[in-house]
Amino acid sequence: MAKEKMTTAFEYAPAPESRSVVDIAPSYGLFIDGEFTDAADGKVFKTVSPSTEEVLSEVARAGAEDVDRAVRAARKAFEKWSALPGSERAKYLFRIARIIQERSRELAVLETLDNGKPIKETRDADLPLVAAHFFYYAGWADKLDHAGYGANPRPLGVAGQVIPWNFPLLMLAWKIAPALATGNTVVLKPAETTPLSALFFADICRQAGLPKGVVNILPGYGDAGAALVAHPDVNKVAFTGSTAVGKEIARTVAGTRKKLTLELGGKGANIVFDDAPIDQAVEGIVTGIFFNQGQVCCAGSRLLVQESIHDELLDSLKRRLSTLRLGDPLDKNTDIGAINSAEQLARITTLADRGAAEGAERWSPACELPSAGYWFAPTLFTNVTQAHTIARDEIFGPVLSVLTFRTPDEAVAKANNTQYGLSAGIWTEKGSRILAVANKLRAGVVWSNTFNKFDPTSPFGGYKESGFGREGGRHGLEAYLDV
Amino acid sequence: MPTTAPHALADVTASDSTLRRFLHGLPGVDAVGLEARAASLGTRSIKTTAKAYAIDLAISMVDLTTLEGADTPGKVRALGAKAVHPDPTDRTTPATAAVCVYPDMVATAKEAVAGSSVKVASVATAFPAGRAALDVKLADVRDAVSAGADEIDMVIDRGAFLAGNYLKVYDEITAVKEASGAARLKVIFETGELSTYDNIRRASWLGMLAGADFIKTSTGKVAVNATPANTLLMLEAVRDFRAQTGVQVGVKPAGGIRTSKDAIKFLVLVNETAGTDWLDNHWFRFGASSLLNDLLMQRQKLATGRYSGPDYVTVD
Amino acid sequence: MSDRSTDRLSVFKTYKLYVGGKFPRSESGRVYEVTDSKGNWLANAPQSSRKDARDAVVAARKAFGGWSGATAYNRGQVLYRVAEMLEGRRDQFVREVAEAEGLGRSKAAAVVDATVDRWVWYAGWTDKIAQVVGGGNPVAGPFFNLSSPEPTGVVAVLAPQESSFLGLVSVLAPVIATGNTAAVVTSEKSPLPALSLAEVLATSDVPGGVVNVLSGRTAEIAAPLAAHQDVNAIDLAGADEVLAKELEIAAADNLKRVLRPQPVDDWTAAPGTDRMTAFLETKTVWHPTGALGASGSSY
């Protein structure tokens, strides 16, 4: 049998997205009252590309004085903005949504550069969801009477919003779109490692003709966030980030009239039963923990697999992990990008080392890490029990802890055995088992036979220490209305 | 290549009920997840050297097909010539894997490709409907084999499969396998008629248990033929079958693959699902006709940097 | 308590706590004096300790699975049964409310009637709130997506200080209507109607532990409840500004849902749904529907 065996393997050549579609200025100011401005104390910080450690730009660093200036601008803008007919506010938001769509390639490249996540994700997940979110809430602006919160529900006033670095522009959209639709004005602080897309968003607000002061962007560190949260003229605080900081914020706003919503950490259980659609479950496990390098609050970081299929599933999973492509985030074929910061890399490294030290079995596919930048190989731990640190603490990285269970009751008990309650996954072909287990899981989002799906119409948020309040959908309006 | 069920799963085919239990015990397929995975692999960006490699590989995997009532010896001879030298202006272009014709055209096709690496594949078993008595189907097969067919593309009895008569389908495949002799057997499921992904997975295992050398999606004669999702599913099946039995089986998506871009997506599916062992025309084929010209135009574009046009490839 | 008849010595009632379906004394052995608005002695009430608070939380947690897992219809039946039982003991509660709050008989009767009606209102809500605040979400993909409200868990309820009966029921009933279980701290000054209500609950098919009633010093009992890691939420209705802030800070340790005290002029006003939604989580469940048919198969 004459075979025509090809001599070269099917190696994908580099397929980099063009960096030239985005023009990053050497420096950026704070965006207050419609103008870019220096920080009052003149402080600046550098933002780097996590995949190369290249400095991308120098950004003004907001301090307490700048927070006060921004809150005053937002307060001033509130009067007119909240009095605008909803239909007019809607049109501003529709404009913003459209401009985001127009500029989505540019923004995707920017986000990938500043965050380190693969272009595949910013292009196919982050940016489409950002635009969709603005589109969705745009439509609510003139329909609030019908949202189930009584007639003519009123906005709260000035919203102070602090967002994380894992989905910089998407978290901005989750915060700003419902706030503006309901007639609030905002002061938003992006994370110190990913300020750029929020500053580009400021430019989009300018292009859209949004009135000055309605959106103010304050790049900065935790001190600026704390000042914003504590500012006496802020009526609403929305935070996405760590549970520790969330608790601190809850203490700060105690005894005030500020409305608070928190979207915090998680330790999501992804439960795979022996009758699962196995190939799709493997994909769901991979998506669950390696999407955005596992830097996702709702990650399926605990795999609970029925003991009877443990070995078979792990074989499939390892085979699949061996096909993951780690490297240049701008390459369209990259599956795993860089960790966002040296600090986060250190945290992941520490927790993974602890997993090994506590006796769990560590495995990673053969994979070469780039020499510059912050990188962590996809990692899974087997022989993990509920007592292991890596089964309890949120790692926020590409590290999967594999545990086993024998019965559905045990699966539910282990899944719920955490202080968190954000997400969970269920994989089984038996419909009644899905509904029964979903019913018992103490988690705000339950993905059955899928994982890490998001949609602007779908409320998102946690039980227990994963926070409170919901973002997305009709439910997401409540956080910004005086109801 | 064993002609009966491999040892590890030999008892599975002992009776209708054991076979049914086995096939219905295979993991289910979630349609949305399967299609999402296929779509996701479809976003791989294959450029420059990888693209050149993929195009030549795809050309070498084409089963250049003509299955028309109007087929004539002249048409088949032209097809054979094209299979041997797809691009007369560039002799570095690889030959296709095979030509695929009706049984009565096998002899003509053999002559047309004589002396080349190109195989002659013949559809058989009352293609495409498969609605004939077993004896008639076997006669069809023997006719093609005696005319020199290197490969037999049979269709399963979808009616029997959908009625749950799995053993009947199994027995028919084993009988055809025996009648095929040395010819490699491709088993066509007509996935568009099986309707569900669970059925496609079951049919894949049924075909492999019965000794298929290739499992093939479609006849090209129904509304929905090869798709990334059903091909992905069949690639998972051959991958898992080899893991369990040690026996490697090929995959042939057929019908509906018309562009280089599509073909490359299928190669990505192969590469990242079954793996590099299948990236060879002994284990993966495209059942296609118009695809070849698009591959050739893309090949010319890569070589010259200019976009080619239909006047620069042959119409055969 | 004044004797109504001259020739018979009346029998006093020993007021007790209500924890886990039982009527214990405070484990501390303490009681405090409860007087009417004019300062006349009415009874001794148990003065709960932090350990009583702990026991109440344990009981509430134990009851949570069954109560939250009961059908909404069943919870509605039980709450309606409370109204029935209360109606039957109307005279007793009119007297207790009149004494506790210094009201005339007809005003007290109006309060009790409003309280009975409040149970009826919430009894009817149990199987409707999910339809009002939950629903399907039209996501842009081949997924069925449903948001449903679920009870937060164990809720610590500081009942209003002034409206010792209607106020208490107005904050308690919405908590349990939605499937939460409660540890309720009664009005500090006027605990007796609430302690008597426990007797009604005990005979109304409300499973033991669903409602636990603690009397005593609000600040003393509330502190361990606000800090308790197994309490999911706290209603601060009965806390003053200073206490409310302290408790809210303590509640942050496990991120309890906190309902801050809100000025209520008139407890008879229509309650709305806010007190139910304050202690509801939204769970959103996704599941693939058929595929989009791109492969000719949706299955």
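Lettered A, B and C in written order, each chain numbered from 1.
Note that in this section a contact is a pair of C-beta atoms (placed from the backbone, for glycine too) under 8 Å apart; a residue touches a chain by one contact, two chains touch by 3 or more.
Since the structure is predicted, the reported quantities are computational estimates derived from the model, not experimental observations.
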item: A-C compared against B-C, more contacting pairs; value: A-C
item: Most remote chain, CA-based centroid, reference being subunit C; value: B
item: Between subunit A and subunit B, centroid-to-centroid distance (C-alpha), Å; value: 43
item: Centre distance in Å when subunit A and subunit C are each reduced to the mean of their C-alpha atoms; value: 37
item: Inter-chain centre distance, subunit B versus subunit C - centres from mean C-alpha coordinates, in Å; value: 68
item: Subunit A residues counted as touching two or more neighbouring chains; value: 449-450
item: Residue list for subunit C, restricted to those that touch at least two other chains; value: 143, 288
item: Multi-partner residues of subunit B (each touching 2 or more other chains); value: 30, 32-34
item: Of all residues in subunit C, those that touch subunit B in their complex; value: 142-143, 288-292, 294-299
item: Residues of subunit A defined as touching subunit B within the complex; value: 1-6, 8-15, 120, 124, 275-280, 283-284, 323, 332-333, 429, 449-450
item: Subunit A contact footprint on subunit C (complex, rising order); value: 132-133, 135, 137-141, 143, 145, 147, 152, 232, 241, 244-245, 248-249, 251-255, 257-258, 260, 274, 281-288
item: Partner subunit A, residues of subunit B touching it in the complex; value: 27-30, 32-34, 36-37, 43-51, 53-54, 56-57, 60, 94-95, 97, 117, 236, 267, 271-272, 276, 279-282
item: Contact footprint of subunit C on subunit B as seen in their complex; value: 30-35, 191-192, 195-198, 223-224, 227-230
